Amino acid sequence: MPIDHKRINGPEITIPYQLFDKLNTKSGKSQFKDFVKSNGVRIDGRSANDHRKIFLKTGVVSQAKGSAYIELDKTKVIVSVFNPREIPNKSEYSSKGEIYCEFKYAPFSCHKRRLHQQDPEELQYSAIMKQALESAVSRHEFPNFQVDIYALVLHNDGAALSAAITVAGVALAHAGIPMYDLITSVTLAVQGEFVLVDPNLEEERLCQVPLFKDEQNTNHGIVVLSMLATHEQVSQFYQTGNLAMDNLTSAIETLTNAAKDIVVLVKKCLVRHVIKSARNVED
Amino acid sequence: MALCEAEKTFVLHGVEENFRIDGREREDYRPMELETNIVSHAFGSARLRLANTDVLVAVKIEVDVPYPERPREGKLEFFVDCSANATPDFEGRGGEDLAVEISNSLAGAYRSPEVFDLTKLCILKGRKCWKIFVDILLLECGGNLYDAVSIAVKAALWDTRIPLVKSVTVDGNNIDMEVSEELHDCQKLDVTGAPIMVTVCKIGEQCIVDPSAAEELCSVGALVISVSRNKFSTILQTGSGSLHPQTLLECLQTGHKVAQRLHDALIETLVDIKPSENSVGFLR
Amino acid sequence: MSEQYKILHPVKYYRDYLAHNIRPDGREFDKYRPIVVNLGSISTADGSAIAKVGRTTVVCGIKAELCQSKAEAANEGFLIPNVELPPLCSSKFRPGPPTEQAQVATQLVADILKNSECLDLKSLCIFPDKLAWCLFADLICLDLDGSLIDACMIALMAALKSVRLPVIDYDPALDNKQANLEHRKPLNITNIPSSTTFAKFDDKIVMDPTVDEEDLSTALITIALRKNELCFVHKPGGASVTDEQLLKCIDESQKRAIVIEGIVETALRSLQ
């Protein structure tokens, strides 16, 4: 790897100490059983269809046109949106404005240390974010201009991508960018017959591989869906893993319902902002 | 390419009538041409031509050390190279985003152990494993890249032969491997689960597969659906539009059905391909 | 009306304020903005803190990893600070490699750490020449509203104070390592260095400038202190500063250093 002269570099090879933990001999299956009891109650007391507690706040970055911050229990994501600027390095006129998304994990946000440059996963999530937000923004209102959206994950405890999409929608509204609709996004983790809404990091990890092979049920995977609230349109859909058709059918239903649940919170948060700014004008 | 409203309506009506502008039905593919084993110094290779899209895939194999967090697994990596010859848009760094998107979706589609079993690539737990590099070269870009790439990758992996390890000896920190010298002594990979990607395009009220350039312009959104053994391994929405949940489901059903047909046809063809002296055109 | 005036004639706008011995945000020249510190809210990091100086927000996360020490310093570990100014924090930045400002800030923070000797790198060594800790301290600015270094130092020191490293059992003969995750120890931080930034405008000096003040000013001075001793003074060019002014700045920053230390200690107590 080339040396990064613009940062202070540590030693070439470093190893996370977690690898030398006293060997964890538990199988994935029993680990999963620890997290989700057979009646569907999860380790933090939620049922399968429950969201974590959500905290939303606008106007956290004073230097940005619009900004918002979300907490899904431990998952923390901050997004800022900047004024439209002319699309860089482009000669021909485009009748629709563009949005640019950057999704980044802070180096300390995950179990494994992330590097400063965007890795392929972050690049892909940036693309998914862009895809999700494009259909929510009235892009014809700012032709030939580009809106920059930066999302930074401070702490990843699962569902970071959908948290980023939801909060980016709020930040866009806070910035006063013309939009068609509010956007909310939800993650779903599937393992065997268990379908978990808004998984935390451990649940997400355990759903990457099939654990119930011996029971002839190899369904597993992660599904992320973003919805435009009033238009009932899916603006983005992303799935990995291994899922059968009927699983997916029910997953989509669960997700659309779960996405509707958050809309109230998003609305409340924006109303709060409007009332606050109206008061400031009065003063 | 730009279409006027009348032309778009024409395409749309064709789709409604199940008789597309080039005479295909909604779930028909354009003709494909597949060759395997064409790059002599690769471990496996394939070239696919789907109408105007041309893809060359070569597989390389190296011995590597497994990831410390997954000591029992080998590695599989995808690299996509968008050659500037494929389309003028790829000049400079133009193709980079697309290349990342394709290689990421392939990595996502192959991630599940149900799809592709990486433990088969392990030689010695935590110490030695095979690393498979799948290099994908886009030679010409005529739309519907995901489908073409996934088929070519599957064919190339089918064609891949891994050298047979005869013995492994461990002496402290040194590991000695003996690989069979016999050229034909090799393992084949199990690729029955390797996913097939189908791009389903929504035009008007109908879903179509394998859109031509004109049809792509008429569509607001598409789904890339990758199916492995009857199950979905990755689904990705592309384009700037949005879909109703019901439409989403319809697209998934269509994609599922078509992918299965495509898989069966591909396996049949691959079994049929025999090494022949007078192979077709490319690179010979 | 004042908004337009500010945008059209920023210098004149600011000068008018200063003529009345007050700053646009209502502060006097030698007043600093409120400081807020929050500790340990990021559990994936081994130590973390968020510091706010006015609206300037810096989050610091420290990740510890194991490594081999350098050949020239076989009994020392590493502490690698990096200041990141992502495009998120201000419209001045674009995606890409670190800007000049970020590089300068990184070097400044590293120099202050080194000069203050607040952490003995030898204490990060587990077994000479074989195994040592490498602490990656990543400082990310979330909101840039002036006095970046001050906020960085507060976040960094608070995060370092909250680091708990697991005890590692190391067997040099077999090169066998075992981490004892339940048994953790804090770092031995001997002092809490802090810094204070001043901006010079015309012949006046203001403390703890906002980003607007920094942009208008003709010179910036950053003074880093360890208890009552100077450990770094940074004045990168610009207008000249008289001896009395500089001494007064040092005097002011000494008073503030005591306050900052108090705030960090209070935050730590609330954590325990």
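A, B and C are the chain letters, set down in written order, and residue numbers restart from 1 in every chain.
One rule holds for everything that comes next: a residue touches a chain if its C-beta (ideal position, glycine included) is under 8 Å from a C-beta of that chain, and two chains touch if they have at least 3 such contacts.
Remember, predicted model here, so these are calculated numbers, not experimental data.
Graph distance from chain B to chain C, where chains that touch are one step apart, equals 2.
A summary of chain positions shows that the Cα centroid lying nearest the centre of all protein Cα atoms is that of chain A. Contact analysis places A-C first among chain pairs (by count of C-beta pairs in contact). Between the Cα centres of chain B and chain C there is a gap of 49 Å. Taking the mean of the C-alpha atoms as each chain's centre, chain A and chain C sit 30 Å apart.
Those residues of chain A in touch with two or more other chains are numbered 15. Only residues 4, 6-11, 13-18, 20-22, 60-65, 74, 76, 78-80, 82-83, 102, 104, 106-111, 113, 116, 148, 150-152, 154-157 of chain A touch chain C when the two sit together in their complex.
By the touch rule above, chain C contacts chain A in their complex via residues 41-45, 48, 55, 57, 59, 61-70, 78, 80-82, 84, 86-91, 95, 97-98, 102-103, 106-107, 110, 134, 136, 138, 140, 142-145, 166, 168, 177-181, 211. Remark: chain B residues 68-69, 97, 100-101, 103-105, 107-109, 111-115, 223, 228, 230-245, 248-249, 252-253, 256 touch chain A in the complex.
Considering their complex, residues 15, 19, 120-121, 123-124, 127-128, 131, 134-135, 208-210, 218-221, 228, 231-245, 248-249, 252-253, 256 of chain A touch chain B.
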